[in-house]
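Each of the two complexes below includes chain A, the first together with chain B, the second together with chain C.
Entry: the complex of A and B
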């Protein structure tokens, strides 16, 4: 029985000197972007890009499918919104609190779900996330259907005025980059390589003496923590935490973002988040049909583009490089 | 009237019946999932949407063609079952040899498309659907009042579950099915058309979901979102019962429905959560589910 056999893209095909170049270009684009594009839209993309990258750390590098990541994202959004609004904490500390809530929830989910593999893991995390959803729906501090609104944007540092959208954008960009670097660092660490080994062949990794469940658990908690950071960031940037963030549909959305961009690629989830958020922003007038289109993209991705956009592109470049080499 | 733990007996029995009804739907839906999973190795995420379609088709039959409940009980599962067969033949068949996770994602995508189409056409508000005259009304049992339709739902679902169990465990067709679940290649070598069997099995599982949808139509409002929330609960039921176990789905379905009903009596806010809490407990004690085999 196959358990972990996702279509994963081979290692990056860009050559070493190209990486800093491309990263520099991307960074330059990110710095110029808020003067060209609506900063609110960009913040939305960055928050979801961080969420998708955190999810990809689990699905792409550890080969684990979670269908309950909305719980970490939305749960942390509530926690940080509560901290910022009711407890009067500055944005930075609220983010830390949200992250911590993601870590704790992740530890609980991981402890329960790690007993089963593959598809069961997805179903169990889905059930656990539903508990968080119902708590968010019924608890006092979450504000029920209204959510928590009017969350203040207040930085610890007096010279940063987060009330300004552009300043807020750069704040979001910095947090995103911190999270992204943490993921990069994890993926390229010995721990990251071990995760890939588990993904490729779990029994073999276990037979080599690694405590497979412990590493999977750690990957899960790490992914939940960073998803929490993304959710907290979104709550601060948009001054709002609602049921939408914790809903079951959000868990599916992050899977789709990762799948469109490319499971197991470094920048795929960012691209996927950008595409999906752009679709939701600019096709909003079509209402419910956007979800139909998303569903159709899901189907097409699974049937024809399992490597995702970045993955297919990388595979194409590799084929060309091979042909040129011959 | 003897109160039990300060709860009047009629309230307790009323909630038990409601729990049994929810359990009927859980049982039929998780049974369909198990049948499909057994042969296709796919967790059919579209199941909730197909349940919704079952209810909608019977509503359409009544609204557009004036065809009532009894014919709909047969026509609707057949129609939705055929859409299932088409889905299997042209889409699902392509992904059998890749990781099961993709089947899950693919059927999730199909569910999104179907639900959005129905939402686009009919909105999220429910359409009322009346129970047939024969099944309306109540039986007054002196200590409590029993709506006939609810009794019918429980009876019909027990009959369908028992019938499915008998077909799979006791008939020749069922023995082919079980054999193909274990060793598809070998069964194929004996001259059984396994791909066709898979197609029919999927259609049958989908028809079960649609049947549950027709049963649900007079009880709940027929709406585009009626399946999606139910689905998450049914997945938990399946995890508890043990995936692929026919008996397990039926027992877990009814059992959890009753548990939910009882929770509504003793601790109402917990009734939404109790199934998931039960899932956590079962997983810590028996990771493979109550009736599942560890694999």
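Entry: the complex of A and C
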């Protein structure tokens, strides 16, 4: 039994005494940011950063490539938008509903695809995501081409006014941090440890008594659940769920974000999401040219920065440390 | 009645029309140190892959401790107490040497799916992992990435990882291949001590090691059992000499 899983060379992750310092700085920046930059832009970055981190949990830490993650993101966007608008649920419960939809869809996808390896796995997820897209296009509750618009932003807690963009930003930040911490914990758990082992050498892990398909299934469902949270958050923050969220391009975009930032790194996906969203926002006047630029960046990444920005940076630091150590 | 740790009946594996293993009835007594030898391509590794279900048998049955395990998955076979090493050394390259062993030890904790728990809970395994590394002489390399080890040390690490499972049946596929003289002596001693209270089935080309360690030898040729017996019996068998000479072996 030869494993033909994708072999992804894991980039060194940041595990230094510097971590608390950097985290503190990042948090301070996140708290100040909405007073300097448009909160709408920041929320966009955070939603996609969470999506990319959830995707990276699968690709970077389990070595599984999915081309169908838009289904979880977009599906959850519809579900939470529907819950908030038609059922009148508060934002928090709508998010939970969106997450649950991600988990359920993830379980279905995983159940169908998990025995397949590598590119075949990716193609099955792509096919299933196309079915979800088709359902979104045809179903009544999704509002067809218009999507679900004017989703109310209403918190369970009466003293939080999510109508205010800055308040909404802080709400998004908190949800993002919860998701991010959940991913960090998963990666650094007994489960995460075994996931790395399975990614490294699947037959060996099986010979040690681990049912590798079940581990991969759980990783897939966790990734889908958190992708669902990201999609639901986006629907609430932008008061909108549309076909854009479920279409194939979205599945590709999250792959791109993760690759640019660095697959298998902790903060790479956040950086990747930041770069792509910034390009889409600030280069919007160039219209579809943005897509061409994205394509070019993708090619450059694959050719020159295999480990992504953060991955290459970490590798550089490691080389320096080794040289200094000698 | 004899008690067998491993027993196969009519075990057969065909790869697109060609039978790599044909109608093999292998019996390994409980507690034995048993060798499976034969020229290259005889089907020894395939037998291992069948026993651990990395290959599905085309026909036949596999019994472990008298119980039919033919339908089980590789991971389930492992959980029945059958641990194996691979002919081409198989480690987790980007995990540290210490983590490699810990992956095996982790199984007994039963927390493998607990994604919400801190991996600090794995520290209870550290001491045992270091003991196992000491047994194979890898203490000094505990913090190194497995990928950075020399070949002989990778083999030692694989053995330590396999022993970490505390298996009742140990399958070793050419544990000495690629090792230098001192390493061979150390690993021989290690296998001998590991064999206490366990059943060991090993594939080995180094006949001196086989003569030294094993009390029972099965010779495989072109997928079939040629003969079986003690080292003395087997090495005196003209058919065995013929099979080995014909393939350029001693």
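Simple rule for what comes next: the second predicted complex is superposed on the first by the 310 of 326 C-alpha atoms of A that agree within 3 Å, B and C clash if a C-alpha of one lies under 4 Å from a C-alpha of the other, contacts with A are read in each partner's own complex, and residues count from 1 in each chain.
Throughout what follows, contacts are C-beta pairs under 8 Å (C-beta built on N, C-alpha and C of every residue); 3 or more make two chains touch, one makes a residue touch a chain.
Keep in mind that what you see is a predicted model, and the values were worked out from it rather than measured.
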Contacts of A:291 with chain B and chain C, given as first, second, both or neither: first
Touching partner for A:189 - first (chain B), second (chain C), both, neither: second
Which of chain B and chain C A:127 touches, first, second, both or neither: first
Superposition-derived comparison: chain B or chain C, residues of chain A touched: B
Chain B/chain C common contact set on chain A: 1
Contact footprint of chain C on chain A as seen in their complex: 1, 9-10, 185-186, 188-194, 196-197, 200-201, 203-212, 214-215, 218, 222
Chain A-touching residues of chain C, taken from the complex the two chains share: 49, 52, 54-55, 73-76, 78-79, 83-84, 86, 90-95, 99, 102-104, 106-107, 109, 111-119, 121-122, 161, 165
Partner chain B, residues of chain A touching it in the complex: 1-7, 65, 67, 112-113, 115-116, 118-120, 122-124, 126-128, 130-131, 134-135, 138, 248, 252, 255, 259, 287-289, 291-292, 294-299, 301-303, 306
List of chain B residues in touch with chain A within their complex: 43, 91, 94-95, 98-102, 104-106, 108-117, 119-120, 228, 232-233, 235-236, 238-239, 243, 269, 272-273, 275-277, 279-280, 283-284, 287, 295
